[in-house]
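Two complexes are shown next, each including chain A; its partner changes from chain B in the first to chain C in the second.
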Partner chain A sequence: MSALSLFRAEDGEFSPPSIFEFYPEIVAFAGTPFAINRIMMIRLIVMVLLIVIFWLWTAKFNKAVKTGNVVPGRFQLLGELALNFVRKSIAHDQLGEKDGERFLPLLTTIFFMVFGMNITGVIPFANIAGTSVIGIPLVLAGVAYVTFIYAGTRKHGLRFFKNSLFPSGVPKPFYILVTPIELLSTFILRPVTLALRLLMNMIAGHLLLVLCFSATQFFFFQAGGLMSLFGVGTLLFGFAFTLFEILVSVLQAYVFTLLTTVYIQLALADEH
Partner chain B sequence: MDAVNIAELTGNIAVVGYGLAAIGPGIGVGLVVSKTIESIARQPELAGRLQVTMWLGIAFTEALALIGLATPFIFV
Partner chain C sequence: MISRILAAAAPEGAETPNPLLPADYDILWSSVVFVVLLVFFWFKVLPGFKRMLDERAQAIEGRLADAEAAQKAAEARTAEVEADKAQLRAESSSIREDARAEGAAILSELKQQAAKDAERLSDTTKASLLAERDSAANALRGEIGALAIELASRIVGEKLDDDKVANRVVDEFIAELEGKKAK
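Presenting the complex of A and B:
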């Protein structure tokens, strides 16, 4: 902020983005627990879009199976690639065919939900990710948490907790050290980092984009003169970061799904 | 700005704190990626599996930086 305050003497103030970006004004149902602001509205729109897209994909797949038409169209091919990516390179690779199929619906949901909510961060007129407020990351992390504990207790019963808190192959006295660490890392830090990783990536990404573009606006229209040259730089940076944000939104969806899968896999693994 | 006091800094010390917090994960992510590149150069046929492990390693390491980013909201 201090570097930018150099330009403050010029007419017009530069206002850097703040955390209040994520608390837009409420547009409907103010005062009730169902108050809707811009982010909530984006989430609802994304949810509807996801349902429609999946419905269309399923219709296409069913039709292709029924008519025996093996050549997919562009839209169907995209669906096959995306769904196969989660199925083959996440679920089957990490969990194996049998368990992979068991948890596939959940993993697919997580992947596409995270991706859909992330990508609104770079879509014009939406411009904020549905995951940039704690709600959705928290819910998804909670689902992942419940799922891996369910997977573990279903397979090993209460021995799951014993195995994860008292790993075998450790000399008895070391459990004083190991058990608290395992408790912290497995049952507390896992869901916390799942939620925080997604949330903070989206917050940081959004703040960076806002910084770049509001600086561009400031340099072009308020600072004027030679300062416009800086504006060209910030505009290019903003463009590069937009591309980077697209990469990040895919990557975060992938990482979230992959980590959920790995946690399930660790819970299912037999003790050694 | 004062003409005398040209080296004055204003702002929040938490920014410096976050800068410090980002050093470790930065080095960590660098190490993870460099070792993965080395391993892929040695055994290109394992590239797929190594990349999956690399993303996991990055995710865990990067979490530290992101926790650093989250702390001011909680503790300040």
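Presenting the complex of A and C:
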């Protein structure tokens, strides 16, 4: 609808963006759990594109192994840079090399999936982030939640819960206060904030962009006259927010992955 | 708060969906995408990436080892060449010494031979000189005797016929001369 709204304003009235931006019409399998709308299509396209790009990179890696070539080309170097960013700057830095490698597949998937879904918010003709509906944030937050509990119980057994809820070094009476706070912050707020931070960033970003560009459309083509000057301002704002949204896309992917890593690291740590 | 803003922004009359409540298809497609990508990264991308990194590390290590070996070989070769050079230098200096000694020997030999030759030459010369002097002296003695006799006979006015007497007189005279000379 966001993209459409640019071409649709004929009736002379300004139509502000609404929540229905995120509920475009169902185009296939309506009424079933397999229903597909514009956003689901964007997600599937992003998935395919990610697979294609990383397939090409993997082919380059395999070729390098086969030919014994140790000097990567530009394209291969870009892939190494991307994968090493998650591997070194996130996984190895937080978890160390051994545990970093253990959780690397999950962290890599989260990073590139979130980034790929976020960036469609500024890509022409997609114009909406795949993460701007709660499904992906929720699923990924759930995965992060399950993973850090798995990491903790795998390493410490049931002591993980005891360590988390009853931190050592606290006088016993204080547990009345500390334990509910820990329970809330560790086991409830962590996944909720993970999901909501991403979702709300993408919703707000999309609404801002739609507002800027539909206002520009309105000022230029419906209001006319001196009002067109406002259109110049809103267009500039729209451009600035587009750049900002690119930054947010990367940043939110990084934050989501980094927080997941930190939660795993905290669960693996010996002392809580 | 955001949902309230969204609700306010929604067109009137329509039922406002809550963006925090996921639709079933939303969850399904999100999960599908996640699982597909997870499997893809886990079993396809990352193993290839890791293998490539390992190979590269190995290749670089291998090349370093090769370079080290090559350097060692070069060092050994240099040492060998140095040793050869030193040996050659020693050899050449000994050859030079030998040559010099030999030269000196040849020179002294030549000198000796020259000295010998000179001695022999002077001996023969002396001998021939002596012989010549003797013959000259003999010749002179004869001539001078004849001259002296002729002169004396002219002076005394008489011819001495007896050669025997004349020869004795001459010899005595020469001996006298020689005796005078020896004094």
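Throughout what follows, the second predicted complex is superposed on the first by the 260 of 272 C-alpha atoms of A that agree within 3 Å, B and C clash if a C-alpha of one lies under 4 Å from a C-alpha of the other, contacts with A are read in each partner's own complex, and residues count from 1 in each chain.
Just so it is clear, a contact is a pair of C-beta atoms (placed from the backbone, for glycine too) under 8 Å apart; a residue touches a chain by one contact, two chains touch by 3 or more.
Since we're looking at a predicted model, the values are computed, not measured.
Engineer: With the two complexes superposed on chain A, say which partner A:Leu258 touches: chain B (first), chain C (second), both, or neither.
Structural biologist: first
Engineer: If you stack the two complexes on chain A, which partner ends up touching A:Arg197: first (chain B), second (chain C), both, or neither?
Structural biologist: After superposition on chain A, A:Arg197 lies in contact with chain B alone.
Engineer: Which partner does A:Ile19 reach: the first (chain B), the second (chain C), both, or neither?
Structural biologist: Both partners, chain B and chain C.
Engineer: What is the contact status of A:Asp93 with respect to chain B (first) and chain C (second): first, second, both, or neither?
Structural biologist: A:Asp93 sits against chain B, while chain C stays out of touch.
Engineer: Examine A:Leu140 and indicate which partner it touches, taking first as chain B and second as chain C; both and neither are also allowed.
Structural biologist: A:Leu140: touches chain C, not chain B.
Engineer: Name the contact category of A:Leu50: first (chain B only), second (chain C only), both, or neither.
Structural biologist: A:Leu50 contacts chain C only, not chain B.
Engineer: Going by the contact rule set out at the top, does A:Met113 touch chain B (first), chain C (second), both, or neither?
Structural biologist: second
Engineer: Could you let me know whether more residues of chain A are touched by chain B or by chain C?
Structural biologist: C
Engineer: Intersection of chain A residues contacting chain B with those contacting chain C?
Structural biologist: On chain A, the overlap between the chain B and chain C contacts is residues 19, 196, 199-200, 203-204.
Engineer: Quick one: which bits of chain B touch chain A in the complex? Just the residue numbers, please.
Structural biologist: So the residues of chain B touching chain A come out as 1, 9-11, 48, 52, 55-56, 58-60, 62-63, 66-67, 69-70, 73.
Engineer: Can you list the residues on chain C that touch chain A in the complex?
Structural biologist: So the residues of chain C in touch with chain A come to 2, 6-7, 9-11, 14, 16-17, 19-31, 33-34, 36-38, 40-42, 44-46, 48-49, 51-52, 55-56, 59-60.
Engineer: Write out the stretch or stretches of chain A touching chain C in their complex.
Structural biologist: Residues of chain A touching chain C: 16-20, 22-23, 29, 32-36, 40, 43-44, 46-47, 50-51, 54-55, 57-58, 61-62, 64-65, 68, 70, 79-80, 83, 104-106, 108-109, 112-113, 133-136, 138-140, 143, 196, 199-200, 203-204, 207.
Engineer: Mind listing the chain A positions that touch chain B in their complex?
Structural biologist: Per the touch definition, chain A meets chain B at residues 1-2, 5-6, 19, 89, 93-94, 193, 196-197, 199-201, 203-204, 251, 254-255, 258-259, 262.
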